[in-house]
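Listed below are the structures to be examined.
Two complexes are shown next, each including chain A; its partner changes from chain B in the first to chain C in the second.
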Partner chain A sequence: MEQWLDFAKGPLFTFAFLFMILGLFRHVVLQIYYLIVRKGKRLRNAPWKKIILDTLSWVVPVKHFIPGTAFFSSASFLSHIGVILVPVFLADHIVLWEGFLGLNLPSISSGFADVLTLFTIVCLIILFCCRLFVGRQRAMSGTMDYLILIMVFLPFASGFLASHPKMNPFSWDMMMLTHILSAEVLFIMIPFTKLAHIVLFFFDRISGLHWQLRPGAGDKVADALFGKEARV
Partner chain B sequence: MDEVVEVLKPIVDEDNGNKTYPYYIENPVTENRVERFLEAFAAVLHFTDYKPLLDSYCTSNAKCNRCAVTCPVYLATGDPKDIPCYRTNLLLDVYKRYFTFSGWLNSRFSNGIDLTEEIIDEMLNLFYRCTACRRCTQECPMGVDHGLMTRLGRYVLSLIGIVPKALQVATREQLEGETRNTSKIPKIALMNTLEFLSDEIEESFGIRMDVPVDEYDREYVFFCAVSDYLMEPETLMGNAVVLYAAGDWDKWTIGGNDFDGINYGLFYSDWHLENIIKQLVHEVTRLGGKKILIGECGHASRSAHDFVPVFAGKETYPVLNFMEYTLDCIEKGKIKLNPNIITERVTYHDPCNISRSGWIVEQPRKIIRSFIKDFVEMEPHGKNNYCCGGGGGLVSVDEIYDFRMNIGGKMKADQIRETGAQIVISPCANCKKQLKELVEFYELPCKVMGLHDLILKAIEIPGAKSAEERKEEAAMFEM
Partner chain C sequence: MRTKIYPIKDILWFLAFLGLMSGIFRMWFGLGVTTNMVDSIPWGLWKILNMVAGAALATSGFTIGMLYYVFRIKLFKPLVVPSVVIAFLGYGSSLFSLLFDIGLPWRFWIPFVSWSPHSFLYEVFWCVSLYWAVTAFEFTPSLFDRFKSEKAARILHGMGFGAAVLGISLSSLHHSSLGSLFLVTPQRLFPLWYSSLLPLFFIISAMGAGMMFMLLLRILYAHFYDPEPVFGPMPKEGAITCSLDGTPVKATGSGKDMPMLETLAIIAVSILGVYLALKISDLFINGSWKYLTAGTWESWLYIFELLIGTVIPILLVALPKSRRSPTGLGIAALSASAGLVLNRLDVGIIGYFRDAGFVYFPSFSEWTLCLGIISATILVFLFFVENVSVFDENWKTRHVAKGIFSGSFDNLTHVLKSVLSETAQRVTLIAVISIPFAWIIQYPPYHESKNDATIVQPSIGLDALRKSLRIDGNRDGVFADFPHYEHQNRLGGEESCNNCHHLFLPGDKSTPCFRCHRNMLQSTLIFDHTLHVSAVADSEGFSGLHPENYTCKVCHTEGSVKTASNAKSCLECHNRDMGLADVKDSSLDISYATSYQRAMHGTCIKCHDLKAEELHKDQLNKCFICHKSLTPKDNLIDKMREPKLLLVENVRSESD
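For the complex of A and B:
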C-alpha cells in the first residue's frame, strides 16, 4: 500500500497534473491562435468593454440571481469557492505545491478547510439532486453531467475522511489512495470535459467578437456549394 | 413561379397535445439532406470563423438549464425541446460528432449521435421556434450565445434550401429584384407615398414639408423598415417633423435606389447579411451621405449599427437610430414637446435587437418622460425584456401565426395586460406588427404605436398649428 501511495503521489501525480496543464494550455493556444489568425483586425471592433464587464459580472454573480434557478445557481456558485480554495490553499496541499512547483503559498486553517469542504460537498449533493429531481434539468442531463459531479465529489469526500480518522470507516492508506487517485482522474478529465471552463470561461464569453463575421466568407461558402449559380 | 409546398403539416402529438408548427419552403430538398447538411456545415466551418467558438462551446457547455427560465417560448410550452440549450446542442452534437477528433473517436467506440433525417426535421422546426431574442445568452454562466447558434443552424439549413419562404422571397427581391426592397415597393409608389405624407403633414400642421429624395451630400441618409411606408405613415411623419423642427430639413435625404433598412440576413444567412449591408452602404456612398439614420426598426438598426463596420471596409459610416437623434434634439433644446397632449397611460416595449446589448434602452425612456406623464414600465424591461414573440424574422412568417400568438407572444401579452396601459410604444416595425396581432388576439384594451407617432401629436413647431389645436381637430375628425 505504501508503494502504491508513493507511486500515486509521485510519478502519477506529476503525469496527471502536467496532463491537465498541457490540456488546458492547448485550449488556450488554439483559441488565441484562431482569434489572431482568423479575426485579425476585426479584434479591434469587438465590444471589449462589454465582454470584460460581462465576464466580471459572473465572478460575483449577484445580478444574475434570477427567479426559478435560485437554489441551483446558489449551490453552483458557492461550490466554486471550496473547489478553488481547498485544493490550492489547504495546509497539506501547500507542502505538495512547495515540493512540486517550488511555490510558497499561504495556507488556510484546517478548521476553515473542513467547513469549506463540507460546504462544497453539500453544494455538490444539491446540484446532483437538482439534476435528478427537477424535470427540465433531468431532461437535459447526460451521463457525464452526473459523472462530473461524482468526480468532483470523490476527492473532497475522501480527503475529508482521510483527515478525520474517527469518522473514517476504512484505513487511512485506503482513503488517502482514493483521495489522490480520484483527484488525478479529475485532473486528467478536466481538459476533455466541461470542467475545461477553468480556461474556456473567458473564450466562451466573447460571442460579441464572433458576431464580427468574416467579410467575403458568405460568398466563398456559396461558391463552394453552388458554383456561380443564383444563391438568393 | 416556383412550386410552393408545405414541408411539414401541423402535427398534434396524441400524448401531450403539443403542436409542431411548420412554415412554407420553396422547392424543399427531400433527398440526401444529411449529406448535404454536412457538406454545407463543412463549407461554413472552412470559410467562416465559427470553429473556435463551437470548439469552446462543445467542451464547456454546462447544460445547467438556467436558460430555460429566461426563454419566453419554454416558459409558455414547458417542453424541454424548447430549452435554448437543447436547441444549441442539436447543432453542437453534430459539430462534435463530425468535425472534431474526440467526436470521431467516440463514434468508434459507441454508436453515439448520428445525424439523421429526423434530427434535421427537429432542427428546421426548433431553430424557427426561437425568436433569436438572446435573452438566454445574458443568463448563461458559460456565455453560450444561443442566438448566434440558432442563427448558425438556420444558416446551414438555408444552404440546403430549408428557409421560410417569406424570408427568402423578401431577400431575393431586395438583392435581385427590380424594386430592391423587401415589400416590392417601386420608386414611383414611394414618391406617391411621400407626397401623401407631405399632404397629411400640411393638413395637420399647416406647413409644407416636401420629403427630400435622392439629394446629394446630405448629412443623414434615412432608411427605415420599408413596410413602414405602407403600414406606419404616422411614424414616418413623426420622423419628418422632428427633422424639420430641429432645423435639419436640408441635412437629410431618402435614397431613391435603396430605401429599405430591413436585413433578414441578420436572422439566417451571412451571405444575405453582408450583401444587403453592402447595398445599403453603396447607396449612402452614391448620395455622398455622411451618416446612416435608421428609423424605428430594431433589426434594421442592429444590422446597420453592428455590421456596417464589419462589412463596409473603408466605406464605413456612423449609424444612428432615430431615437438617438431625437433625444439629442430634445437635450439641445432644438425641439419642444407639449407635455399635456398625451394623457393616456403609456408603456414601452424594448425591441430585443436594440435593447439586449444595452444600446437603446435609456434614450427612448428619456424622450417619453420628457412629455408623457403616465408612463409605466413592463416587468422585466430594458436589457432584460421579453421578446414580442415575432423576433428573428418570425413575424414575417404568416403561417406560424398560431405559434406567435399562443407561444412566442404569450409572455409579452401577459406583461402588457399587467401594466394596464392604453398605449404600447414599440419603436420597431416587426414588434409593432406582432404586438398589434397580439393585442387583437388577446383582446387587450390598448393600441400599439411608434414613439414618433406620439411625438407627431405632441411636437410644437413655431409657425405651425399648436399641438392643442391639432388634438382638437383630430378629436373633431374622429367624431
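For the complex of A and C:
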C-alpha cells in the first residue's frame, strides 16, 4: 500500500496534472489560433465590450435563470464555489503546491473547508438526482454527464473521509489512495470532456463569432445527435 | 494521397516530443544523471549515431553536386535540390545533437575564436559548420522559388557551381578527419576495424552509402507522395497506389525517373565495391584476418556489417531484375544506409569501448533524444517536401489535401472527432499525451535508484583484515586507496574514530560512510518517516486499532499542517545514540547526507590541507596522493614513495 501511495503521489500525479495543464493549454491555444486564423476579419469588428460583459454576467448567472430550472441551476452554481475553493486552498493541498511549485498561497481554515466540502457534496447529489428524476434534465443527460458528477463527487467524499478518521469506516491508506486516484482520473478527463469549460468558459461568448452555419449543417447536427436512421 | 503519411507523421511527432523532454532534462540535470556515459566512456549514442552517422548519410549533398557540376552528368539534375536539402538538414541535425553532447553547450562557439589546429575535432568542427553554411546557401534558391522572387533565385542558382565546389572540398576534408579521429587510438579500437586506411574508408563508404540514402529517400517520396515517375503510370487517371479500402493498386511498368535512379545505384555500388575490395585487402595486409576467422561475436558483427553495407546492395543492383524494380532498389538502398550506420556504431562504440570496464548501453533519455532529433529532422524534411519545390517543380499543381474540417457535433466530447482531421489539433493532442508520458518516464529523480552508477557501494578491503580500503563508490575505476589502519594508528587509535566518523546510525558505533552518503553525486534523505512512525508507536507504548495514527503529535506541533519545518528537531531524541553528544546547536538538521563524493573530498582534503601546512609537505593535499590511478606510472607518485627523491623533487621545484 505504501508503494502504491508513493506511486500515485509521485509519477502518476505528475502525469495526470501535467496532462490536465497541457490539455487545457491546448484548448486555449487552439481557440486563439482558430479565432485569429479563421475569424481574423470578424474579430476586428467584434463587440468586445458586450462580449466581456456577457461573459461576466455568466460568472454569477442569476440573470440567466429560467423559472423551471432555477433549483437545478442554483445547485449547479453553488457547487462550483466548493469545487474551486477546496482543492486549491485547502491547507493540506497548500503544502503540495509549496512542494511542487514553491507557491505560498493563503489557506482556508479546516473547519470552513469541511463545511464547504459537505455543501459541495450535497449540491452534487442534488444535481445527480435532478438529472436522474426530473424529466426535462433527464432528457438532456448523457452517460458522460452522470459520470462527470460521480467523478467530481469521488475525490470530495474520499478526501473528507480521509481527513476525518473517526467517521472513516475504511483504512486511511485505502481512502487516501481512492482520493488521489479518483482525482487523477478526473484530471485526465478534464481536457476531453465538458469539464474543459474550466478554460473554454472564457471563450464561450466569443465563439458566437464562430457561428456561420454551412448549408446542410442542420442535418449534420441531427446525424450527430440521433444517428442517420432517425432522419429517414 | 497524403493520408498514407499521417500515421508515420504522428509517430514522428510523438518521438520528437519525447526527445524535446529528454533534451530539457539533459540541460536541467546534466549529462551524468541522464546518460549512461561515464569517465571511461566519454561519448555515446548522440555523438556516433546523430553526429558521425548522420553526417555520413548526408553526403549526397556533395556527391550528387560533384556528379552534376564537376562531371557534368545532366541526368542527375532532378536530384540536385533534394540532395542539398538532405545535406542541409543532415548536417543541421548533427550540429544540433552536438549541442546536447558537449558538456558546456553554451560555449559551442569557442573553437571559432580559440584555435587549436593540431586537433582533428577542431578541423571537423570547422569543416562541418562551414559546410552547413554552404548547404544553407545552396538551399536558399529553392526558398526563393517558393516566395516567387525569381531574380534572386536566378542569381543564387548561378552561384550553385561555386558553392558545390566549396562544399565538395569541405566534405571530403571532414569525412576523412572523422576517420582520423579513430586513427590516433590503435590500442582501443578492435583490430578488425582499426586500419591505417580509416580516413579513406570513412570517406568512400560515406560517398557510396550517401548516394544510396538519397536513392532511398527518392523512392520513399515516390511511394508516399508522387508514385508516377518511379513506379510507373497508374492504372487509372488520378488513382493512388493505395485505394480507399486499403488494398494496394499495382503499378504498371516503370516510371520516367527509373533510368536515372538505376544509373545512380550503379555508381553508388561501384564505390561500395571499391570500399569492399579495399577493406578485404586491408584485412590481409594488416594480418587482422585471423580475428575474422576467430568466431567471436565481433567477427560475426564485422561480417554482418560488410554483408548489409556492401554485399547485399551490390548483388541487388547487379541483378537486372531487382535493379529495374523500385522495390529492389529501395531494399538495396535501405541495406546500404543501415550498413553505413552500423559501421559507424561499430567503430565509434561497439569496437571502441571494449576495455571500458562495462558494457555501454544508452539510457532511455539517450535513445529518445537521438530518435527525437532524427524524427524532428524528418518532419522538417517533410515540411520542405510539402511546401517547397524539393523533388519536382510541379509541386504547386499537385493536389495538396488540406485538413478536412468535419463538423463533428459529438454529444459527449466535441473533441475526438475533429482531432483526426486537423494538423494543428493532431499535433497538439500528441504533445499533450507524449509530454507527460516523457516526464514520468524520464524525470531523473523518479529513477534515481535505478541508475546504478550513482549508487554508492561499500569500499573494498585490500587485505583480509580490511587494513587498507579501496574507495570506489560508483565502481567507475577512479578510486582512492585508503590506508585505514595506518590513519587510525597515526591519529591516536580507537579514540580517533570520531575525527572522521562524525555521525552514527542510532545505537551503532563507527557507521561506515556509505550507509548514509548513499548517492555518488546527490544528497540523500536519510530520515525514514515510516520507520519513525512505527518506532515511536512502539517506544511510546501506543495501542489500539491504529497505534501509528497517534504518533503524529509526538513530533509535529498539534493543530497545524504536518511538515518537516514544524517537526521536532532530530537532536531532541537522538542526542545520545548517534554520537552527537558534543553538539550544542539543538536545531541541527541531520536528515540529509551530502553526496558521497563531497563527503569523502570534504573530510579528507580538510585534514590533508591542515597537515600539509603543519608538516610542510606541500604535496600532501594534491589529488594524486589519494587517486593514484589518475597519474601515469612514471609520474611523481612513484618518487613520492621514496623520501629522498621527494626531497630532490622539492628542491628542484624550489630552484625553478
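Here is the rule we go by: the second predicted complex is superposed on the first by the 207 of 232 C-alpha atoms of A that agree within 3 Å, B and C clash if a C-alpha of one lies under 4 Å from a C-alpha of the other, contacts with A are read in each partner's own complex, and residues count from 1 in each chain.
What we mean here is this: a residue touches a chain if its C-beta (ideal position, glycine included) is under 8 Å from a C-beta of that chain, and two chains touch if they have at least 3 such contacts.
Predicted model, so just to flag it, every value in this text is computed and none were measured.
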Which chain makes contact with more of the residues of chain A, chain B or else chain C?
B
Chain B versus chain C as contact partner of A:Trp172, first or second or both or neither:
second
Classify the contacts of A:Glu2 with the two partner chains as first (chain B alone), second (chain C alone), both, or neither.
second
Figure out whether A:Val29 sits in contact with chain B (first) or chain C (second), or with both, or with neither.
second
Taking the superposition on A as described, I'd like to know which of chain B and chain C A:Thr14 touches: first, second, both or neither.
second
Have a look at where A:Gly142 lands relative to chain B and chain C in the superposition and call it first, second, both or neither.
both
Contacts of A:Lys220 with chain B and chain C, given as first, second, both or neither
both
For A:Ser73 in the superposed arrangement: first (chain B), second (chain C), both or neither?
first
For A:Ile150 in the superposed arrangement: first (chain B), second (chain C), both or neither?
neither
If we overlay the two complexes on their shared chain A, which of chain B and chain C does A:Ile52 touch? Say first, second, both or neither.
neither
Chain A residues contacted in one complex by chain B, in the other by chain C
30, 142, 192-193, 196, 214, 217, 220-221, 224-225
Could you list, by residue number, the parts of chain A that touch chain B in their complex?
27, 30-31, 34-35, 38-39, 42, 45, 47, 50, 54-55, 58, 61, 64, 66-69, 72-73, 76, 134-137, 139-142, 145, 192-194, 196-197, 200-201, 203-207, 210-222, 224-225, 230-232
Report the residues of chain C in contact with chain A in the complex, numbered from low to high.
407-413, 415-416, 424-425, 428-429, 431-433, 435-437, 439-440, 443, 446, 530, 546, 549, 561, 563
In the complex, the residues of chain A that touch chain C are 2, 10-12, 14-16, 18-19, 22-23, 26, 29-30, 33, 91-92, 94-95, 107, 142-144, 165, 172, 191-193, 196, 214, 217, 220-221, 224-225
Please give the residue numbers of chain B that touch chain A in the complex, ascending.
39-40, 43-44, 46-53, 55-57, 59-66, 68-70, 74, 78, 80, 83, 85-86, 102, 137-139, 141-145, 148, 159, 168, 171-172, 175-176, 269-275, 306-307, 309-311, 313, 357-358
